[in-house]
Structures are given as structure tokens and as C-alpha cells.
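As written, the chains take the letters A, B, C and D, and residue 1 is the first residue of each chain.
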Amino acid sequence: MRPIDSGLIFDRFSIFRLHMKQVTSTLAVVLATAGFSFAQVQPNKQTPESSEIWEPVPPVVTPGVYSANTAGTTAPSDAVVLFDGKNADNWYANKGYAPTASTDPLQWPVQNGVLYSSKTSSARSKQEFGDMQLHLEFQTPSKVEGNGQGRGNSGVFLQGRYEVQVLDNYQNPTYVNGMVGSIYKQAIPLVNPSRKPGEWQSYDIIFIAPRFNKAGLMLEPAYVTVLLNGILVQNHVAVKGTTEYIGVPKVQAHGKGPIVLQDHGNPVGFRNIWVREL
Amino acid sequence: MRPIDSGLIFDRFSIFRLHMKQVTSTLAVVLATAGFSFAQVQPNKQTPESSEIWEPVPPVVTPGVYSANTAGTTAPSDAVVLFDGKNADNWYANKGYAPTASTDPLQWPVQNGVLYSSKTSSARSKQEFGDMQLHLEFQTPSKVEGNGQGRGNSGVFLQGRYEVQVLDNYQNPTYVNGMVGSIYKQAIPLVNPSRKPGEWQSYDIIFIAPRFNKAGLMLEPAYVTVLLNGILVQNHVAVKGTTEYIGVPKVQAHGKGPIVLQDHGNPVGFRNIWVREL
Amino acid sequence: MRPIDSGLIFDRFSIFRLHMKQVTSTLAVVLATAGFSFAQVQPNKQTPESSEIWEPVPPVVTPGVYSANTAGTTAPSDAVVLFDGKNADNWYANKGYAPTASTDPLQWPVQNGVLYSSKTSSARSKQEFGDMQLHLEFQTPSKVEGNGQGRGNSGVFLQGRYEVQVLDNYQNPTYVNGMVGSIYKQAIPLVNPSRKPGEWQSYDIIFIAPRFNKAGLMLEPAYVTVLLNGILVQNHVAVKGTTEYIGVPKVQAHGKGPIVLQDHGNPVGFRNIWVREL
Amino acid sequence: MRPIDSGLIFDRFSIFRLHMKQVTSTLAVVLATAGFSFAQVQPNKQTPESSEIWEPVPPVVTPGVYSANTAGTTAPSDAVVLFDGKNADNWYANKGYAPTASTDPLQWPVQNGVLYSSKTSSARSKQEFGDMQLHLEFQTPSKVEGNGQGRGNSGVFLQGRYEVQVLDNYQNPTYVNGMVGSIYKQAIPLVNPSRKPGEWQSYDIIFIAPRFNKAGLMLEPAYVTVLLNGILVQNHVAVKGTTEYIGVPKVQAHGKGPIVLQDHGNPVGFRNIWVREL
């Protein structure tokens, strides 16, 4: 698209229009003169400034702190804190995993700064989210019971639909698309970086919400990247639809959705749950 | 996340299937027998229907027809037709390439079903678009004049910001990130499938609009795929910002935008211009 | 990372430019003057040439020609032609759809420049491919028989594993993840642009092969974009594993693979089959 | 592609061939019989097992431990440790930032478990990498000197070509595509989560290497995701070519490459440098 003959003068005007677009028209003559003189100087000299960009300016965020296994990683300054060790006020009780309209208060116990899943219900965040970075820490029971999917099972449903599996997979084989770190029955994790039962583990999840078109079809899938205990287990994985226990993913157009923490009958502990809206 | 109650038997069967693979052939009879007995419960229920999805139903579209070089490819039934050979009514005159607010009628001549660029202005579509499939055909002058960027130069600005270059590149070298098929100064085309001057050429462009966050930063770039004369020249290429003549791409949050056809001083012909909103 | 020595002055100028935008017009004269004086040093050196790239040079390709419905689109100069209307010499007979080691000659009849599927076998290309652009044209029987998956059914297996469905879907509903234009049981097409039975239809497919790691896990999925009759039906869709009739996709590390055209008991015609290795 | 008339029996065989492929041929009759009986039972019942996958099995990895700010995050069991606090033995001295062939030992001092950049050279890892997860921690000088790009400047060059910027950006503005967390002059970070000068900061980087074709063109760009201090600053960003100080990215076909830590004249400290090959 590069201008040819008449381009030189025109371009100088363009640069000025960009830089000085608020300058009044009375200055135009001065600028045009200046612009003209600019063109005399080394027109093909490359400079570092040519490739600098000065806006938009990224917002300042104060990062959280990470400490020993006993305390975990606190929330950064721009995060929505869903659980900070004190109470379950940011959650509703939700029967089953699919989000309901219930506004009953969550009955999960909080003990020593830990939120424990209980058979009373699953937990649904009051706030709903689109694109996000989610951090949470979980602890499967130190007393090992059951095996396969029956050991330390829970799950984190993004937008109430897309489950990142929680499971005690330490020396406990199961189907690989249902392991901890899997997108349940959609994506096998790259590795199994499980810590031992009773130890705290962390999830750092980057989620880009799907884009649906007018016909309700998925123009862009959700994309998710997951680090488990700081180790990459899913890299920019396309989530093709809902994570189903039976059958293949289903496509359902939707907007923002809640975080749902699953109760699966095993008392799994959670702490430091926070979301950064991207 | 699977339910627990009946899960135990299921899991054992699954583990059985896994282990089956490693057992020696001397055990095969026993296993086959076991397999048969298990078969009464589960594996035969792996059915084709489990993985069928019946909705949402994709809309029916009647595709256009493509004929010889003389007529090109007509619009499908769900397309917005921007030029069908009759008049320039769907376009405004636009001074320069950056979209203006002008609603002046476009002065480009229409001759024999072809819309020719002219020095009166660039052309800006009245309608604005987001995600889209764009088809158009162009014809650089059969009488070759100029060279490099000065020969048969025009351009298609998606959302008024992201230029897919139009140029007569038949035996006419230029900088490769400014060739026909390039995302101007951002992405080199994979090949140069130029037809000869005066022959009709086609662009099929798939464009996914960028996603910006609250801070005005680009959370997801625009992605573009381009076929030139049916040949892939850009595959899912991230467009990092505006396509600048000088300097690097700039990030500017925006919504829908028009198609702009550039006038660059060379009389380039256009026909069969249509957009499918995705 | 820029060098430090001379940087101080440059930076100050840059900041100056940033701030310029917010000053009032009463200061414009002063600024313009300042701009002029600075101009001796830097901003005019923002040149178009700074952002030109001259290599690597994309190879020249002569595109094919497309003509009326009766002839279709011929191969470009850099394509591997798998069927040009004359014979089936580039294909093996393959029992079933999964690639075998058979080197038996394909028994499909060639009539009037068309290759018709027959119950003798499926067709497996002799050559194997990785990243590619694939073009082919197909024709389901003009005499309509059967319904759902039983009408004009065939399929194009990329790398012998990933099926793009072929089906007569003209006024013939079936499960949407098994429609023409679907990635079989993995991705619903965006629209249904089927032509009538007996009419020629075209597939243009862009395929990026999956990337597996040392553990045999899929680090990057296959990505596929599909145009059916010139209409986008799949856009950069992640193919998560093999396209299974029963069950979910399976992950199998592999290298290049053949094109397999399925015989499904319906005599589907093919022509203009060519592949460009990307 | 679903079989129609003869498909049912054939499919049952297929399932058995998959599950029992190592069973000897003497058992085939038994299996076929079993397979036939399977088909009699509830062919359209959906089961959880239909969507389980049991292989490939992700490797077990023991994650590192993270402790207070004083110690950082140690390497997981499958990582290549480039610096563990003891010596610079895994690095060469490299004049400038572009990788050289030099095998001179790195002269950067190691003090109290920290590797400090020095004006002697940049640091180039002896080992070269492709797809990877990279972790490192850095510390800009607690005594603040200079400003803009002159304060705490260093950089991490992935494959010796693609720079993730290191800079003291705490209350220190610069051009946004050159901030800490930027892909230098290619991608602005989403936020600025800088810690104060002298505090330890962490980079967790996921890098997918670019894919070049035979013509030397970039078929797939490098993609990079970056967390700075646990905060997402780059999400699956396409790196379009080399990160240039002057001009736009350049496309150069290449294989694996080293990590280069830049010396920029400021004594920046590094620790816990490890790479997991993906």
C-alpha cells in the first residue's frame, strides 16, 4: 500500500495528523513546513524509536506472595477473592454439578482456613466469569480411601460447564482423560505431577471463553491452559463443549458462568481461591 | 468426576481392559471367557449413538456458483453482497485509508460489471463487520506500468484497520511483507500465486475479530486465513494490530468496522464482493 | 533491551510525544517549534523502509483454473495430483478405513474422468502427507437412495486418521457431528452448504499435522480449516485424535499418513484431487 | 461414515480387534461368538466407559517446592537444571545477544546462590531446546539507577532469538512493547505485576517452537505464554519472528536453540533456572 509519487508529502502530513491531531488548523502551515523539512533527513535510516509503542499502558498489579506449603499463594491486587480462609460467603449451595438457580447458602465447613467439600451440595460462586485466570489450592484426604475415580475426587467447573478434574492420582491409576489435570474426558494431561495425599496442590488456570455465533454454533472454542503444582499439564487446549460423564461434548451457547466446585463424596479441602478477569 | 455408587464395578472392568493387553497368550482363554461374562454388563454398550450430537443444527446455505474466468464466483444465499456488478451504492467515499465519518457517495466508475478504483477517494463499505468470510475478485491493469509497490497497488482493509495487500506481483518483486497475499508489513505470504496482469484473481478471507479487555489491551488478536486464487497464502495468522506503513502494529480497541478498498493511484478492478458474517 | 548510552535523549523525546497529545491548543505553537527542533534528531527517521522485509522470498506458484460446474478446479503448479481424470494409479486398495499395508491396485472404476467408489475396497493414496492443502471434488448419486447416514456416504481421512465427512446432506438430516462438512463426531460444521444430489461439490481443506512429544502425547493437536463449495464450515478446528465411530477420539503418535477415500457402499464420484504440501 | 447394512457385524469385530489385538488366533472363534452376542444387548444405551481413554499414560513428575521469597521454586524431577545456585557450568560466554559459536566459560559471578549478569558477556546455555516450559527467578538491583530502559535491564532469549524482556518496571515507565513481561517490540504485556527493586520475581514461560516449511517460511509461529510473578502477562501469543531492536520481526528458519540471558550493563541476579522439555 506504500504511496509512490505523491506519497512523500502526504505521509508527512499523516504522521503529523497522528501526533498532533488536536492541534488547531491555524498551525497547519507551520507543521507542513516542519514536515517538509523532516523529509530532507535520512529517509531510509532505521531507528529504534520506529518500533516503540507507548499505549495502551498495562494496568499496575501488585502480585500476591507465595510462601511455604503451609500457606500457599495469596491473591494479587486485581483479583476477585472467592475464598480467603474466613468464610464461604461468596458461594451458593448447588445440587449436582450443573449450575442451578439456587441461592441457598453453601453448607461446606470452614476449618483452620480451609473450605472442605461436603455431601450437602456442590459449591457455586456467586459471581460469574468470562475470560479469566483462576488460582486455587486443593488438598485430597491424607487418609487414603477408595481407588480410581473414588479417591479424592472433586472438580473445578469453569463457567459451570468445563471441568478441570480434581483427583488423588498419586500412585492411583485411572483412565487418562479423567486424571487430575485432565479436561474431563476431553484432554489427557501432559504429565502427572501429583503431590502426595494430604499435601497442598495448586492449580493455575488460564481460560478464554468460547465464542458462539447467531446460530448457536461455536465459532471459537474455549481455550484453557493449566499448570498443576507449577507444571504444565494443558497448553492452550481447545475445549469442544461441555465435559460429559457420558457421551461426547455438547455445544451450548452461553454467556458468563460461575465457578463450580464439585462435591463427589470425598472431603477435599480448598484454599486461596481467586480469579483475575482478563 | 464420575458418580461413585455404581462406579466401583465399572472401574474394575476398565482396569481389567487395560491389563488385558499385557497378559500372555497362555492366559488368553481365561480372559476371553472373563471378557464374555463382563460383556453382559458393559462393553457392548459402547455404541455409535453415544457419540452422536443432534443440535444445534447448522443453517442451510445455498452456495454460489463459480464459472469461467469471465464471471467469477457469485454470492451464497447468506452473504451480504457489497458489489454485484451494478452500482456502488453500498459504499461511501473515504479520503485516505483510515475510516472517516464521511457519507459522501463513492465516485468510482462501474463499467461492464466492474468497479474500478479511482483517485477520487478510497471506498468504505456502509455496513460494518466483525467475524466474517470475505470473497472478492480483483484485476490489476493489463497495461503494466510502474514496478514494485507502484504496479497495480490497492488493498483490502478488514475492519478498516488490517490490510490484506493487493498488488500486481506477477514477475514484479517487492519487499515480501508487502507482497500480494501479505498482511501488510506483518505476515509474508506462503507462496506467490499471482495471475498475469489483466486476469481476474480471487481472495477468500476468513477473519476472526480481535478481542480487547477492559484496559484496551488485545486479549486475543485478530486471526486471518487467506486463499489467493484458491491457494493458501496465510493460515490462521495472528494480526497483532493495525497494518502500518511506518512503524510496528498499533493496538487500538474497537468494535465492528467497515471494509475499505484502497485507492492507490492505480485503476484496479473489483467484482463479486460479498461477506458472510460468521 | 535497548542499548543505554544514547538512550536517555531518545526516551525523553518519546515521552514528549506521548504527552503532546494531551496539551491544549494554546501550547501548540510551542510544541510545534519543539517538534521541529527535535525533528532534526529523530522522528523523521521513522521511515517506511524500517518495516520492510525482503526475505525469505515465497515461491512462485501458477494457480489452477476454475471453470463451470462441468470441469471443476485444476491443480496449481506445486501440487501433487492424486487424480486427474485418467486413472487410479496413485492409489492402493485398502480394506476398511484404517490404513493397511496392502499394495494391491485400487479397483475403483474411472468413467468419463470421474473416479467412483466401489465396494471392492476403500482407496489409500500411495503418497503420504503431513501439513497440506487438499482439494477435491465429489458427486453424490443423482438417484437418491437411503437416508441419514445411508445416502451418498463416503469420507476423506486425512493422514489416514482424521475424517472429513462426505454425505448427501441435501434435505437429509442426520446427527450434526456426522454431517457433510463435519470432522466426524468431533466438530459440527458452521453451516450446511450442500448442493443437490448429482451436482459437483468441492472441498478445500487446510490441515496442520499434530505434534506429539516423547511420551506419545499430543503437544499440539491437528488443526483443520474446511471450505465446502467455497463456504467456510470449519475454521482452525482442533482435531483431538482419531475420528471414531464408537467412543471418543484416541491419541496415537504418528508421522505422515495417506489420504484415504472411504467406500461406504454408495457410489460417490471424485475428481480433481490434489494436495499441496505446506 | 457410519456403516449401514453390513456394518453392524463388522463393527463388533473392530472393537474386538482393538481390545484383544494380542490374543492369539486360536481364540478368534470364541471372540467372534462373544462379539455377536454383544450386539444383541441394548445397542443404543450410552455408558460412561464409552468415553474413557486409557493410554497413552502421562509420565509421573515430582513437582518442585516453592517456599518463601528467600528461596524460590525448585526444579521438578523431569527438568533440565541450568542453574541451581552452585556454579555457571551450564553456560557459555556469548558476546552480544545473538548466539555465537563460542565455548568460552561464562565469567558471571555466583554469590550466595545467585548468578549475576556482568559486562563480560551475555550467557548462553550449553543445551539447546525446542518446545519447553522455562522457569527462572530474577532480581533487579535494590539500588535504583537510571530510568526507562536503563534500569535493571536484561532479557531471556528463547531459542536465542525471541526475547522476553527483563526490566525494573516498578514505577518506571517505558514504551509498553518493551516493558518487563513484553515479547520485546512484539507484544505488550496484559498487566504490569512488577515487584519492587531488589525483590525476587519469577518467570514461568511456555514456549512452542515455530514450524518452518521447505521454503524457509514460517508455517506456524512460535507461541508463548508468560506468567510474571504468577500473573498472566502473555497468553498464547504468536511470535512472528526475531525480536529486533530496530525494525520488524525477521523470519529465519531454525531448529533448537539455546537460552540466552542478556547482559545489558545492569547487574541483574538469577536463580532457580530450569527447563522442562515438552
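The working rule: a residue touches a chain if its C-beta (ideal position, glycine included) is under 8 Å from a C-beta of that chain, and two chains touch if they have at least 3 such contacts.
Bear in mind that the values here come from a model prediction, so they are computed numbers and not experimental data.
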Legend entry - Each chain counted as touching chain A and chain C at once: B, D
Legend entry - Pair with more cross-chain C-beta pairs in contact, given A-D and A-B: A-D
Inset, instruction - Go ahead and note the Å separation of the Cα centroids belonging to chain A and chain B. - result: 27
Legend entry - CA centroid of chain A to CA centroid of chain D, Å: 18
Inset, instruction - Going through chain A residue by residue, note those that touch at least 2 other chains and give them in order. - result: 2, 11, 15, 46-48, 50-56, 58-59, 173, 175, 177-178, 185, 188, 190-191, 208, 213, 215, 217, 219, 235, 245-248, 251, 278
Inset, instruction - Flag every residue of chain C that touches chain A in the complex, lowest number first. - result: 2, 10, 13-14, 17-18, 20-21, 23, 25, 28-29, 31-33, 35-36, 39-40, 42-51, 177, 185-188, 190-191, 213, 215, 217-219, 221, 235, 237-238, 240, 248, 251
Inset, instruction - Quick one: which bits of chain A touch chain D in the complex? Just the residue numbers, please. - result: 46-48, 50-69, 73, 76, 78, 133, 135, 173, 175-179, 181, 185, 188-195, 204, 206, 208, 223, 225, 227-233, 235-236, 244-248, 276, 278
Legend entry - Residues on chain C engaged by chain D in the complex (per definition of touch): 1-4, 7-8, 11, 14-15, 50-51, 53, 56, 58-59, 96-97, 131, 146, 149-150, 153-155, 163, 165, 178, 184, 208, 211, 213-217, 219-220, 243, 245-248, 250-251, 253, 262, 264-265, 277-278
